[in-house]
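Shared chain: chain A. Partners: chain B in the first complex, chain C in the second.
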Partner chain A sequence: MRTRDRVALDEWYAVASADELGPAPWPTRLLGEDITLARTPAGLAAHDAAGAPLPLRERYGLVFTTLGAPRGEIVEIAEAVEPDRRFVPCGWTLLRASGLRVVENFLDMAHFPYVHADILGAEPRTEVAPYRVEFRREADELWARGCRFWQPRAAATDTTGTMMEIDYRVPSPFVVMLYRVAPSQPHRRDCIALFIQPMEATLCRAVPLMWLADDISTHTAMLHFEQAIFLQDRVIVENQRPLALPLDPRAEIPTRADSSSVAYRRWLKEKGLRFGTAEWTGA
Partner chain B sequence: MAWTAVALAADLGVGDVAGTRIDGEEIALWRDAGGTPHAFEDRCPHRGMRLSFGFARGDRLACLYHGWQFDGAGRCRAIPAHPDLSPPATITLRRHRCVERAGLLWVAFAEAPPPADAPAWPVLSLFLDRPATTREPWRERIAGTPLLLAPQPRSPTQSAWHVVALAPPADAAALRAALHARRRALERFADEQPAASERRHAMAGSSHLRSAREAG
Partner chain C sequence: MIGTLHDWELDDEAYKVRLGLALMGLAHARVAVDVRPGQETEAPAFRARNLLARLPLWEEPGGVALRDPQAILARLAWHHDPARRFWSEDPAQADWLFFAARELWAAREARQAALFGGPADHAPAARAALRLLEEHMADRGRDWLLGAAPCIADIACFPAFQLSRDWGLDHEEFPRLRRWARRLRALPGFLRMPGVPDHG
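What follows is the complex of A and B.
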């Protein structure tokens, strides 16, 4: 049943890759409701469970739709129009987890030495230095700036390790991005975005897209690198208890390293979002 | 029965971490470097990760997600994201009573006299896709070997028996075959006649209970 959570309904969601849609009906699920997509001779089409047409947008190689009335547009990603960027869509992964836990995991650096051991982090260099959290009220975005973490192998090109500098950006509750110094072109920043399709409160699909400044790696090497990382994260988000994200500050114990997570939860609470949170009661 | 057997002691070696359940309650079992077994709530208080996915380091259990370390008393002793921080004593896990007796690991949620000890030889753990019919361990002779069988109600639909021999098994292969045949018969019977099987095994359980009391 479609959620009645207005905050969740009034957003754009990526629900398919544009190149996987053909004339055959392509069923999927969004916010508790069955929806169907297809590419007809007249163009892309989608309808909800009752047969009502749904609005569609095609961007970044993805197809977006909404079950509500979004106030904002799909996030603008400046790197997507830079002609020399390597664009790497990494494919969809199904996760038996809340999409909100997936966002929070993407924002987290402290797990690198354990979940991505010897790739994105390594003991004993486990410290998370202080960083700045910014609520950008005008754009209604959440940022974590000036993040730094020791990474032994930050990208497919990196073999020596580096003190990585990262900015994180959360443009909407189910989309999360990062900008990091490109290991093979240190004057530029790689951009990685994760688009999440919340199917049920604790079931989602997610697709990472990367716009990299990397003249060296093969497309396959970049793809494999990101997929390996993402599957390591999947073990975590499918085994957190509860699966849904608690917004009550007393439910879990944060430290200073979790400033971005604390801010994200507060931002969601201010918005009044409930779908995928531990406070969600089923409607 | 306040104590529930959750594993053969021999199946949890030094440094091992495993997840189990009693009546749906998720538990992280682990054995520290000194050989002492522990049973913790299977949830890190930081971000809710199951601690049964974690790893033992010396006398501490570390969470897989962020490496937070907990000592045998459940108290957080290290937060790697802040190496210079002494974690406050308020960060302490809920832990359960856990003892090793008669070749089995036992867990209790409340105070109770520990289960009886006895020399024991590990046989096997059987996992059943059916509810437990009794909570009381019982003694029974199968394939010529005197056994202690300890049931574990895992969830409303799943249970386990943890079986040790109270004397060296006469024929270990025959014993294992007999126990597996018993499990298959129970599961088949439950599939065919769920309602009747519940009644019958409830009765069987109570007779086992009597024999256990007589034997003990």
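What follows is the complex of A and C.
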């Protein structure tokens, strides 16, 4: 049954890759409801469980829809129009967890040395240096800026390790991005976005898209690097309890390294989002 | 260089071969294949080399081309590893290789569905097959599937168990398989799969 959470309903969600839709009906699920997409001779079409047509947008190689009335548009990604960027869509993966947990895991640097050992982190260099959290009220976005972390192999091109600099951006509750120094072009930033399709409160699909400044790696090398990282994250996210994200500040004890997580939960609470939170009661 | 493995790090069937190559210490070439989302295994160029349109694919300079991971493991252990350390003289080795290919295929399907979506539920059949493996290991308190040393049957059966958390099956109910997997992970040259912790 479709959630009644207005905040969740009034967002755009990526629900398919544009190139996987054909004339045959393509069923999927969004916010507890069955929806169906298809690409007909007249163009893209979608309808909800009751047969009512749904609005559609095609961007970044993905198809977006909404079950509500979004106030904003789909996030603008400036790197997407830079002609020399290597665009790497990484494919969809299912996760048995709240999409909010997936966002929070993406924001977390403290797990790098343990979950992505010898890739995005390595013991004993486990320190998360202080960084700045910004609530950008006008754009209604959350940022964590000036993040720094020692990464032995930050990207497919990196062989020596680097003190990586990262900015994180959360443009909407189920979308999270990062900008990191491109290891082979240090004056530029790679951009990685994770679009999450909340299917149920504790079931989602996610697709990472990358716009990289990398003239060296093959497409498949960049793809497989990210896919292996994402599979490592999936195991961790699926094993967190509860599977939903608690917004009550007393539910889980944060450390200083978690200030982006604390800010994210606060931001969700201010918005009044409930779908996928531990406080959600099922409607 | 004895051959080339067409590979994807996330593929459990290709992992059997990677693991075999690593444990036997065999130098080889690797070609990364964009299975998802690129669907390179469906493309004519790949299908011409493996009509099953899936990984793994093993090619040797002399023209040998194999596509079944059990067949590739047998080729590596018999033909390429001079000491034949992972070849068992026990004829039941073939039985357990077929067990890996047939009974444990459900674990592959369950994992694919859990990761990428899919209609049917293969988890009960996969769990039942792993129960059989657990039962076999309980018999006379074995350390390995056959006899006193690991063989390619152990390698072929390992990913189905080790990766079961990917599709939501915990290892708690398989105490003997846990000990067996721990022994296998401790072998020199052991190669991890992404998302698989070194412990437990």
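As a convention for this text, the second predicted complex is superposed on the first by the 283 of 283 C-alpha atoms of A that agree within 3 Å, B and C clash if a C-alpha of one lies under 4 Å from a C-alpha of the other, contacts with A are read in each partner's own complex, and residues count from 1 in each chain.
As a convention for this text, a residue touches a chain if its C-beta (ideal position, glycine included) is under 8 Å from a C-beta of that chain, and two chains touch if they have at least 3 such contacts.
Being a predicted model, the structure only gives us computed values, none of them experimental.
Trainee: Going by the contact rule set out at the top, does A:205 touch chain B (first), chain C (second), both, or neither?
Mentor: second
Trainee: On the A-aligned overlay, A:93 touches which partner chain: chain B = first, chain C = second, or both, or neither?
Mentor: In the superposed model, A:93 contacts chain C only, not chain B.
Trainee: Looking at A:252, would you say it contacts chain B, chain C, both, or neither? Reply first, second, both or neither.
Mentor: Only chain B; A:252 stays clear of chain C.
Trainee: Given the touch rule stated above, what does A:17 touch, chain B (first), chain C (second), both, or neither?
Mentor: In the superposition, A:17 contacts chain C only.
Trainee: Quick check on the superposed pair: does A:6 touch chain B, chain C, both, or neither? Answer first, second, both or neither.
Mentor: So A:6 meets neither chain B nor chain C here.
Trainee: Thinking of the overlay built on chain A, is A:218 touched by chain B (first), by chain C (second), by both, or by neither?
Mentor: second
Trainee: Report for A:128: first if it touches chain B alone, second if chain C alone, otherwise both or neither.
Mentor: A:128 sits against chain B, while chain C stays out of touch.
Trainee: Is A:235 contacted by the first partner chain B, the second partner chain C, both or neither?
Mentor: Once the two structures are laid over each other on A, A:235 reaches both partners.
Trainee: Figure out whether A:110 sits in contact with chain B (first) or chain C (second), or with both, or with neither.
Mentor: A:110 contacts chain B only, not chain C.
Trainee: Does any part of chain A touch chain B in one structure and chain C in the other, and if so which residues?
Mentor: Shared contact residues on chain A: 235, 239.
Trainee: Spell out the part of chain B that touches chain A in their complex, as residue ranges.
Mentor: Contact set of chain B toward chain A: 26, 42-43, 45-50, 53, 63-67, 79-83, 85, 91.
Trainee: What part of chain A is in contact with chain B in the complex they form?
Mentor: 104, 108-111, 113-115, 123-124, 126-128, 235-236, 239-242, 246, 252-258, 261
Trainee: For a test of understanding, state which residues of chain A touch chain C in their complex under the given definition.
Mentor: Those residues of chain A that touch chain C are 17, 20, 89-94, 96, 205, 218-221, 223-224, 227-229, 231-232, 234-235, 238-239.
Trainee: For the complex, give me every residue of chain C touching chain A.
Mentor: So the residues of chain C touching chain A come out as 8-10, 32-34, 36-38, 114-117, 165-166, 168, 194-197.
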